[in-house]
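Should a chain be cited, it is by its letter among A, B, C and D, assigned in written order, with residues numbered from 1 in that chain.
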Amino acid sequence: MTNSTKNSAVLLIHCPDKSGIVVAITEFIYKNGGNILYLDQHVDSERGVFFMRVEWELDNFAIEREKIAEYFEILVGARYQMTSQLHFADDKPRMALFVSKMSHCFYDLLARYECGELNVEIPLIISNHPDLQSAAERLGIEYHGISVNKDNKQTQETKQKALLAEHKIDFIVLARYMQVLSDDFVKDYPQRIINIHHSFLPAFAGARPYHRAHDRGVKVIGGTAHYVTAELDEGPIIEQDVVRVSHRNSVADMIRKGRDLEKTVLARAIDLHLANRVVIYGHKTAVFD
Amino acid sequence: MTNSTKNSAVLLIHCPDKSGIVVAITEFIYKNGGNILYLDQHVDSERGVFFMRVEWELDNFAIEREKIAEYFEILVGARYQMTSQLHFADDKPRMALFVSKMSHCFYDLLARYECGELNVEIPLIISNHPDLQSAAERLGIEYHGISVNKDNKQTQETKQKALLAEHKIDFIVLARYMQVLSDDFVKDYPQRIINIHHSFLPAFAGARPYHRAHDRGVKVIGGTAHYVTAELDEGPIIEQDVVRVSHRNSVADMIRKGRDLEKTVLARAIDLHLANRVVIYGHKTAVFD
Amino acid sequence: MTNSTKNSAVLLIHCPDKSGIVVAITEFIYKNGGNILYLDQHVDSERGVFFMRVEWELDNFAIEREKIAEYFEILVGARYQMTSQLHFADDKPRMALFVSKMSHCFYDLLARYECGELNVEIPLIISNHPDLQSAAERLGIEYHGISVNKDNKQTQETKQKALLAEHKIDFIVLARYMQVLSDDFVKDYPQRIINIHHSFLPAFAGARPYHRAHDRGVKVIGGTAHYVTAELDEGPIIEQDVVRVSHRNSVADMIRKGRDLEKTVLARAIDLHLANRVVIYGHKTAVFD
Amino acid sequence: MTNSTKNSAVLLIHCPDKSGIVVAITEFIYKNGGNILYLDQHVDSERGVFFMRVEWELDNFAIEREKIAEYFEILVGARYQMTSQLHFADDKPRMALFVSKMSHCFYDLLARYECGELNVEIPLIISNHPDLQSAAERLGIEYHGISVNKDNKQTQETKQKALLAEHKIDFIVLARYMQVLSDDFVKDYPQRIINIHHSFLPAFAGARPYHRAHDRGVKVIGGTAHYVTAELDEGPIIEQDVVRVSHRNSVADMIRKGRDLEKTVLARAIDLHLANRVVIYGHKTAVFD
């Protein structure tokens, strides 16, 4: 999905539903020489909201890259009160990884990064433990051990934010980072922090989901990748999946089975985010895959 | 799994874990001329509980059917403080269906019954609505419309229990029956009432799970078949499954997708129950499938 | 998905890919007062083919129903060499069921029909066995036993075609009908015969797939719903799904597990067909779900 | 499943089915002071074969490790013509990885190895390309580039076998190794070479399965891990899984989706092999999970 070197633009839109929106957008593209590669739209009729993802080739497009967002807003967006984001397929966003001691998502993402599967730059890894430092540095990624506890959270988050700014980070992935970020921190990265929770939310929100799943005797366990908001485990869900378990499975077995699930679900969510396929509206997402 | 006409016995056991249990049980069967067809066991090492399902051919078994339970208890069970159930594969349990207006599970179970898929007798259907009467009666099943509300629940449950007794009902299936049974009723049918809940419990316990799943923006919805206990939606889970949904799916779409899930999950749970593959211990099950 | 009483039109289109198609279609709808409810398109860039499904409200549409297809063809379709189909959401197609002795798909479809799940009329059931006659007639559906063998196939198919014509049948569902239709028959119902094959095609095409799956020791078995073409089991696939099996499962177990799969996969395919969500191009489908 | 440091023995058995086998085995364990941790058995009634996996604690076992296999064979195995394998849970097998240019399975296995997920030693990687050398050497694993073509296969396989012998390799994993091993090579490692094939076999055996799946228009694609035998893609299947695809997915998309599937399926198969949960009989497996 990612790894694109296409010379194309992607527009993600939501706005109040109204007649004529599709024509207005597709005319804007067509009349200016753009060739539509992908168009998908959705109307949430209960909330009266229109959603769209459209991608078009820029080779013969009359408007230069830097001006497209402005022209679109003035000629189309403003008329329909659109909230829109413009991306280019050959952009390579900069991602920071926050990790702790649990290393499976960390190693999996680095393996994907190393074999060129992810269209991303990873210049920075932040952890509250030193354990994974050498693995990070082998790939030439800066690794900062910043130990966080209740008393020093504000100070340490200030350090973290400085590093994020210095490395021009576009979005953050919490790869089983065991700390809760402060509201202030979250507000600085709206819709730009992705977390993996090890349950099929809303079941087993909060701590120790596998232990609670085992105790309840469920027959499936899950994983959920979501954007982080101020409310813990309540942010917009990007991707979920499950795996079957049985009475034979101990908590340790669930943790083991869950590892593969967490890796896959988190990687899919990052991939969807990088491919500009996720539109957030309120506390929900439209995922155009 | 069901539909067996085999001349075999099935023993379901749980007891405190101890060395020598397997030998004691298999010796009891072997020395008396039984041929083991199936044996599966499980040790819950956290709770220190041993579980087993064993099935053996009775053709040359030295102990007659009526005496097996007694002999087993005296020779083996008592020694290990076993809780055990003995079933015969050619038994045909008697099941009562409780239904309401939602008809998909009802029609699905009757279709399975009619084409001989379920090893069960269904002599009785109880509903709080008259809607499905003619469909029931075409198959020669007695249908009783017993309308229940807050004020008459006790009286009506007395009528229901009289019908269950009259028809010698072994277990009850709530096929989207929209009433909550009283604690007294539930206590009269311990581990013998199966319910289908239209969510992957413990998520969305209680009313209107599809509406709440839609509102939360989940990417999978589920169904859960469980034994009914006094705590609503908290009984031992027999079977669960899920189906993917997306932002495109309205609540109505989820209800529609969920129907197939509910039918399949409920039918699988009934099948497992009929095949004597479920051992209940506390609020959890071991399902030997 | 079905059961719609909406006053809306659905257009299914494929044509050589070219710039401007989306604008042309959406302008046609918008300028004539139609409100787009759904639009999804796909470009198969390898074959250079454009696919689209678009649905719009007719309440204020300027062109009357009977004229829409003609106007669209002249004003838009011809210009882009489009192959298009126009449907109305409140149409209720007429379906004939072909069955044999295996009754699970038959009973399942009748149950869905009886509880109003399928937006379809079923006036006719044809079987080469008398077994299911009474079940059909209870629902007031005409049932014709037409026994087919190698020698009488031509004669019997002539009778079948006469019945299909008499009942104005729009499409045929082979619900585990064990006969192969002649090429002539198939040609008379192009893209209008749906079959369920009990394997994940192309694995185990042909006879006795469960036996061969068991013999090969596969860990998943599947079901495939497809349009029937002259090449056996080679028609365009509408829907597939799988279920896990293990060494414990005998052929009989696979058949039993497969029954639920076949029912669900066939019902989903019929539902997609009825909702006008399937575009056929060559030997493949685009399914806009 | 793996990573065990338990002091326990695992016995994998198959033999002609006969009455009394379970008693004989469990008595052997119990009477010598072993405590059974796990027992699962299966009777293939069509082929008349009995299968079992049993694991027991050795802490108080009367027979010393080195003698268990001999004692078991003389006291029990010979009497029932058993084919048996004895393993110890704290054994750490030595695995060689064969790789080529496709790196996703390679990186995934190394990541699992590095974070301690696999109970295995990997002393040796053999490849017909130099690409992955530095990644291997960073983890201190010997990497040998041995380029194979039609003309030099015999010579090069001789080199490979010398390396396998030198490093005392117990089993080989072909992690998308693109060469076909000679029959002679395969015969030297019976039931000890695991391959990942990128389709749900038997569909799309042989080359370019994703291209052929795309061309056929299937709605699910799969992956299969199996033991390698002289017949290409015909060896006993250990594990399979699938993922849904749609008309939107290009061949490149399928390859991308398939990568995650291949990684997970291969890792699960290796895990099952390492945990001594796979019994091979003929061209099929019994997997006790």
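Methods note: a residue touches a chain if its C-beta (ideal position, glycine included) is under 8 Å from a C-beta of that chain, and two chains touch if they have at least 3 such contacts.
What you are looking at is a predicted structure, and each value in this text was computed from that prediction instead of being measured.
> Measuring centre to centre with C-alpha atoms, which chain is farthest from chain D?
So the chain farthest away from chain D turns out to be C.
> Using the touch rule from the top, work out which pair, B-C or C-D, shares more C-beta pairs.
Of the two interfaces, B-C and C-D, more C-beta pairs touch across C-D.
> For chain C and chain D, what's the span in angstrom between their mean Cα positions?
Once rounded, the distance between the two centres reads 41 Å.
> Could you grab the centroid distance between chain B and chain C? Build each centroid from C-alpha atoms only and quote it in angstrom.
35
> Show the residues in chain A shared as contacts by 2 or more other chains, in ascending order.
248
> Please name which positions on chain A make contact with chain D in the complex.
Where chain A meets chain D, its residues are 1, 103-104, 107-108, 110-112, 114-115, 117, 135, 138, 248, 253, 256, 259-260, 264, 267-268, 289.
> Across the complex, what residues on chain C touch chain A?
Residue positions touching the partner: 19-20, 22-23, 26-27, 30, 35-41, 43.
> Taking the complex as given, what residues does chain C use to touch chain D?
Spelled out, the residues of chain C in touch with chain D are 42, 44-46, 51, 200-204, 216-220, 222, 236-242, 246-248, 250-251, 283-287.
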